[in-house]
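Shared between the two complexes below is subunit A, which has subunit B as its partner in the first and subunit C in the second.
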Partner chain A sequence: MYGFEALTFNIHGGYLEAIVRGHRASLLTAADYNNLCQCETLDDIKMHLSATEYGPYLQNEPSPLHTTTIVEKCTLKLVDEYKQMLCQATEPLSTFLEYITYGHMIDNVVLIVTGTLHERDVQELLEKCHPLGMFDSIATLAVAQNMRELYRLVLVDTPLAPYFSECITSEDLDDMNIEIMRNTLYKAYLEDFYRFCQKLGGATAEIMSDLLAFEADRRAVNITINSIGTELTRDDRKKLYSNFGLLYPYGHEELAVSEDIDQVRGVMEKYPPYQSIFSKLSYGESQMLDKAFYEEEVKRLCLAFEQQFHYGVFFAYMRLREQEIRNLMWISECVAQNQKSRVHDSVVFIF
Partner chain B sequence: MEEFMEKLPAMDLMRSERMSFVQFIIPVESAHRAVSYLGELGLVQFRDLNAEKSPFQRTFVSQVKRCGEMLRKLRFFRDQVGKAGVKSPENPVVQPDVLLEQLEIQLAEHERELIEMNSNSEHLRQSYNELLEFKMVLQEAGSFLFSGKNHPVAEERELDETAYSNDYVETASLLEKEMRPGTSEQSGLNYITGIICQTKVLIFERMLFRATRGNMLFNQAPANEGIMDPVTSEMVEKVVFMVYFSGEQARKKIKKICEAFGVNCYPVPDDITKQRQMTREVVSRLSELEATLDVGISHRNSALSSISLHLPKWTDLVRREKAVYDTLNMLNFDVTKKCLVGEGWCPTFAKAKIQEVLQRATYDSNSQVGIIFHTMDAVDSPPTFFRTNKFTNAYQEIVDAYGVGRYQEANPAVYTVVTFPFLFAVMFGDWGHGICLLLGALVLIARESKLGNKKLGSFMEMLFGGRYILLLMSLFSIYCGLIYNEFFSVPFHIFGRSAYKCRDTTCSDAYSVGLIKYRDPYPFGVDPSWRGSRSELPFLNSLKMKMSILLGVAQMNLGIILSYFNARYFESSLDIRYQFVPQIIFLNSLFGYLSLLIIIKWCTGSQADLYHVMIYMFLSPTDNLGENQLFWGQRPLQILLLLLALIAVPWMLFPKPFILKRLHIERFQGRTYGVLGISEMDVEAEPDSARAQQHHEDFNFSEVFVHQMIHSIEFVLGAVSNTASYLRLWALSLAHSELSTVFYEKVLLLAWGYDNVIIRLVGLAVFAFATAFILLMMETLSAFLHALRLHWVEFQNKFYHGDGYKFKPFSFALLNDDDE
Partner chain C sequence: MSSSAMVGSAGTWARALVKISPYTFAAIGIAISIGVSVLGAAWGIYITGSSLIGAAIKAPRITSKNLISVIFCEAVAIYGVIVAIILQTKLESVPSSQIYDPESLRAGYAIFASGIIVGFANLVCGLCVGIIGSSCALSDAQNSSLFVKILVIEIFGSALGLFGVIVGIIMSAQASWPSKTV
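So, the complex of A and B:
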């Protein structure tokens, strides 16, 4: 019943919404980023972060810091917050929160499978996995030889299992296969998440469908750009696009046949929301596209907080925090490698 | 009058301390010492002159970082000491001061040493664990194997003995996780044994089942002792397992799965003699390792205990140093870069002490140039600082919880010391309950020195902090209880004999008809014979209700009078004339008059109906009072008072804003431009100095008028509603006495009526619980909250602004353990 959430939302979701809005208040601001960008060493960054919510997580780190430590600790904070929220959540919010992590699960699966393919140590790979996307038997992924085994051995226990139905083949795993698997899984995941949000209805459906449509469109553009010049056929490419979003279905038709970045641009400029993104880029440029998309995404995520009584805030908060950690990673890397002139290249201010 | 007021001795708590805004110009060489001496003194609040600089752009950032690093090490030590369970000595030995630099080196050494020891012992622990696991596997697997003797595949255990023929100890393979290719290829059935965390067992088994498509046999048995995780040093429950399978392909898969699960596999020979021999070896090596491990641990513990000896002192030192550098970071360099310039607030009385301390610092650091210390004028309002002791502190806290007083305004805490416990007691009057509270308060006070050093739970902390409030509350409760004659609602004839007796011997009509008086009144408090009689409730209600109004009017009058003292102190005759005077007239012409009537009624024993008098005073003031007349000339007086009250309302509403407007116009005489900034004076001011900040006030008449209107309306309505609010004293007191009557009569006496020990005991228990939890805890809390409200709202809104800020001196004594 759209518009009547205010009556009942707070019975189960009020506490957590308050919590997540409180967490949002602790996101770093533009002033913080300006200060961070002026840092000379990683110790300076630690010092600055110690005045923020990250303080308790960093204070016991011994002095020669590494970028990975900073990122790890910041992620740990996010994970702690997530786990705390998940513990408090009731249905359907808990399912919603779990949906947020599936993307990381897919990434982790792909990471491990690719890693084993290139004969990396499993423990080393496990350390690189995003902690939000961990599941019990993730290490066993290394055992699998092909998709079918992957599914039968490991993934059947995970929430990813239904997404796998499209990509079960007995082919051996190779880089191309894995990348297609990732995108197929992602497509199925986004569609499922989309359906789930529609089922929830109300403001959640409205806001989440907007955010997920943006995500789907961005993936479509990225798939197109990345597959230019590979052996992926047009039909295969089209199969990887999610079946919703602003571009669906006509934009997909056109994207599927695009052969270079300027054609993609031509397709995208027909859609007003994306026009502004592409108008910022000069012709033939795709490096800055990521940043432009991130900026647009952050803007949309921030807008999700403008409305009350919906679950979109949880999704938005997790995404914003992840963006913040990406920013911190970039700043730390720039500081650590003395590339301070490039520090503004990839930082997306959240506020 | 004025002279008399001036001659009164200074009372520290009446108004907050006088503060001075001071500037320090400190030569660089003596800066550190000067600041640390000031920290020991703890009477200066520094202003941050570098507020716009981020923390790492400040002057002493490297020292702060070093201190932070040292604090981290100290935390690490404390962590380790806590983990190792080394007891830190009660009173650490006094030792010569160490310099920060030496300490830094020492700490680094200790840390390296500790980390090395830790990694060594972790290593040892690892191998020890492996051996232990191996031992368990051997024991358990042996039982699997031999219980499986009559297993249909028993003959498959045709093993290639040669695989084990080379002594495994020589190859040191027992420390490797590698599974030996032990079992024979031709036999077709192999097994792998290992050990796995209990939590993972289910998933592991399922995974094995899937990977081998069910072609395996999984045996498991819980290990008989837990294994300590070397990293987290927690005990982990493990399970020994044994998998039978066939085929080389399956072996590879299983090995991979084992690896993925972090399972430790150990080879087990299935020859019983081999197994025994192996067990013996493992056990002997285990005992060796155990000895080494114990030596290592004792070594480490001795190192830790020597560290823990110094730990508090070191921590204290580093904390102080960090605080000193943090403070130094608030100072500015002057133009020549040779001096640090600081600004701050200090109590005026402390200036001499500060001067002396600064001289000592100059002398001690052999500085050629002295420290310049002088007072400046400031635009900002100074902080509020009270010198409290452990008794008054709690009461000051009650007031501060509402709002920290404006600088030098009248401090309600002085009156709160008495009025708060008293109003509490009016609601909680019962000398039996009062004695219980008193005992509790006395226990807390007697163990003050002990409890003061301990970390208490939040609830205990609250109780302990309010122990002196509790003390006074209980004393007043005993007093009020004696007046009400309440002792767990049991009547007591303490002060002589009752003035009343029953009409007949059975006393059956005491409740319906009443008692008769036969002698002089009971000398103190309520007559005990009234309990349960007809006159009890009407009398107590009338008494408590009227008493509440008297107390309320008195307290509100005190509040208004304090607003007079505030206005006089801040020399605002406007507030006296157009706020204080009409307010006091308004309140007293209505409720002051009511109080007067109550007192006259009590003194004369008149039967007049006060409700009637008060209501018809408004409805028809000119009517004859008839039988309700209490004294001669009451009617003209009422008319006069009513007129006064009616005049007082516009009096407090209109003049003040118009006079303010006139003053404003006079000041600027119609000029359209304002006063120039006093820029000449500010030339040498520090950029962030308090002097540099300018307040530009715009006079907005409508805003001032609306403000005044709100205030007047609030006061006029408040006079009625606040007086009514004081009736809560009566209501709560009634509720308390009725509740205790219920528990006493309907539980204890009822149970006592039965001639059965069990029923009596149950009744007693219920009574005790109800008394302790409902009457002593809940009622105390509720009476406390109501007293709090009466102070915050009814009393303090008459005069208290509470928009100041607290004086937070830079003091070593106040450095708390906030980073723990």
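So, the complex of A and C:
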């Protein structure tokens, strides 16, 4: 019953909630980012990061450092924390934590299938996969020729199997179909996750509904903007939108017929939470849209920590860490390519 | 006799209720006072304890100060024990001819009510202090200046148990069984 989670949540979830809040305290602050932005070389970045919790992960790296190494080690820290929480979780928290990684699984599947299409080596692709989304038999994806085989050979044994019912066709895999497959899978995943959170009820349902609705709406806008000018028909575009969120159903109908960014902006400005995002951009500009969305997402994720005794803190922590790794990657790339003036284009401060 | 005259016009349920021995009510009251108090204390301790242990991994300095929350919860159980001991000294034997006298019934009900008051007041007090203690541990781990302020809230919460004990003891003080006359 909503409002009385405090009575029984701590039986199974109290310890892990306290641990995840401890992890949250070690996220990098604005002061850390300012120090990092003033670094001249990647070794300086390594030195600054060794004073934070990333120290043990980076200290053994040899001196000619690459940005990919930094990102890989930071991701490894996130994976270690996640696995430690997952092995101590009981139902339904363990299912909830597994749901958080299905997005990465979808990304990995698409990465390998696209890479195979472009004749890349499977081992090289496996190294680029996100570690949170790995599953056994992922390498077999390289063998599949069309979607039906993809499903039958590999995906039927993974947690992604139920998401495939909408996109099994006998068509061969090409770039367009793969993108459509990615978005269809992600739509099914978001809806499934939403239903699972609703079933959990209470504070978890309320907080996660808000976070997932924002995610669904953001994906709808991105799909719309990316498919302007491509061959994707309006009906196909509409099929890729999730069936929940602020924009459902009237916003989706308007987005499906939008043909340029100003029309999209016109649709979004009817919704007050998104109007504040779009008001930061001037007309005709879409480069800063990503950053504006990330900032809004970070603001909502930080708010999830204001309430105790719900599972939303786990989701919020994972997303904030991923944002931090994106920040570190951007800073490292700017430093490595000597373009420090552009550093603040894409760094989103968390605190 | 006197009891049947008293309930002459009442229904069958009222008659059944007053035929239950007052000793039953008194004993149940004592059981509730200690049992439900301990339930409240245990509930509060595990709510605080699980958060405290998890938070102390990243911030070990919070352990010694936050044991106060656990002590406040434990105090609730001690109130229950004290009142149970006081109540059981109030249980006296009366001759079987006087068991269903109005005075006997009154004494039995007084002890029963005292037990319920103390038990349930301590139950909610233990819960209250436990939940606040959990939030206190988590906040202290992030920002140590918050500890004393949240402790003030806990002190107000633990006063609830004291209210229950005071009223319970006053109730039981006037539980006097009929004196042994022929």
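In this section, the second predicted complex is superposed on the first by the 351 of 351 C-alpha atoms of A that agree within 3 Å, B and C clash if a C-alpha of one lies under 4 Å from a C-alpha of the other, contacts with A are read in each partner's own complex, and residues count from 1 in each chain.
Quick note on the criterion: contacts are C-beta pairs under 8 Å (C-beta built on N, C-alpha and C of every residue); 3 or more make two chains touch, one makes a residue touch a chain.
Computed from a predicted model, the values in this text were never measured in an experiment.
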Ask   = Which of the two partners, first being subunit B and second being subunit C, lies in contact with A:48: first, second, both, or neither?
value = first
Ask   = Of the partners subunit B and subunit C, which touch A:23 in the superposed model: first, second, both, neither?
value = second
Key: First, second, both or neither for A:142, with subunit B first and subunit C second   = first
Inquiry  = By the touch definition at the top of the document, which applies to A:87: first (subunit B), second (subunit C), both, or neither?
reply    = neither
Task = Name the contact category of A:122: first (subunit B only), second (subunit C only), both, or neither.
result = first
Partner touching more residues of subunit A, whether subunit B or subunit C = B
Task = Based on the superposed arrangement, let me know which partner A:308 touches: subunit B (first), subunit C (second), both, or neither?
result = second
Task = Please give the residue numbers of subunit B that touch subunit A in the complex, ascending.
result = 54-57, 61, 64-65, 68-69, 72, 75-76, 200, 203, 206-207, 210-211, 253, 256-257, 259-262, 819
Interfacial residue positions of subunit A with respect to subunit B in the complex = 35, 38-40, 43-44, 47-48, 50-51, 59-63, 122, 136-137, 139-143, 152-154, 157
Key: subunit C residues touching subunit A - in the complex, by the definition given at the top   = 43, 46-47, 50-55, 57-59, 127, 131, 134-135, 137-138, 141-142
Task = Please name which positions on subunit A make contact with subunit C in the complex.
result = 6-7, 10-11, 14-19, 21-23, 25-26, 308
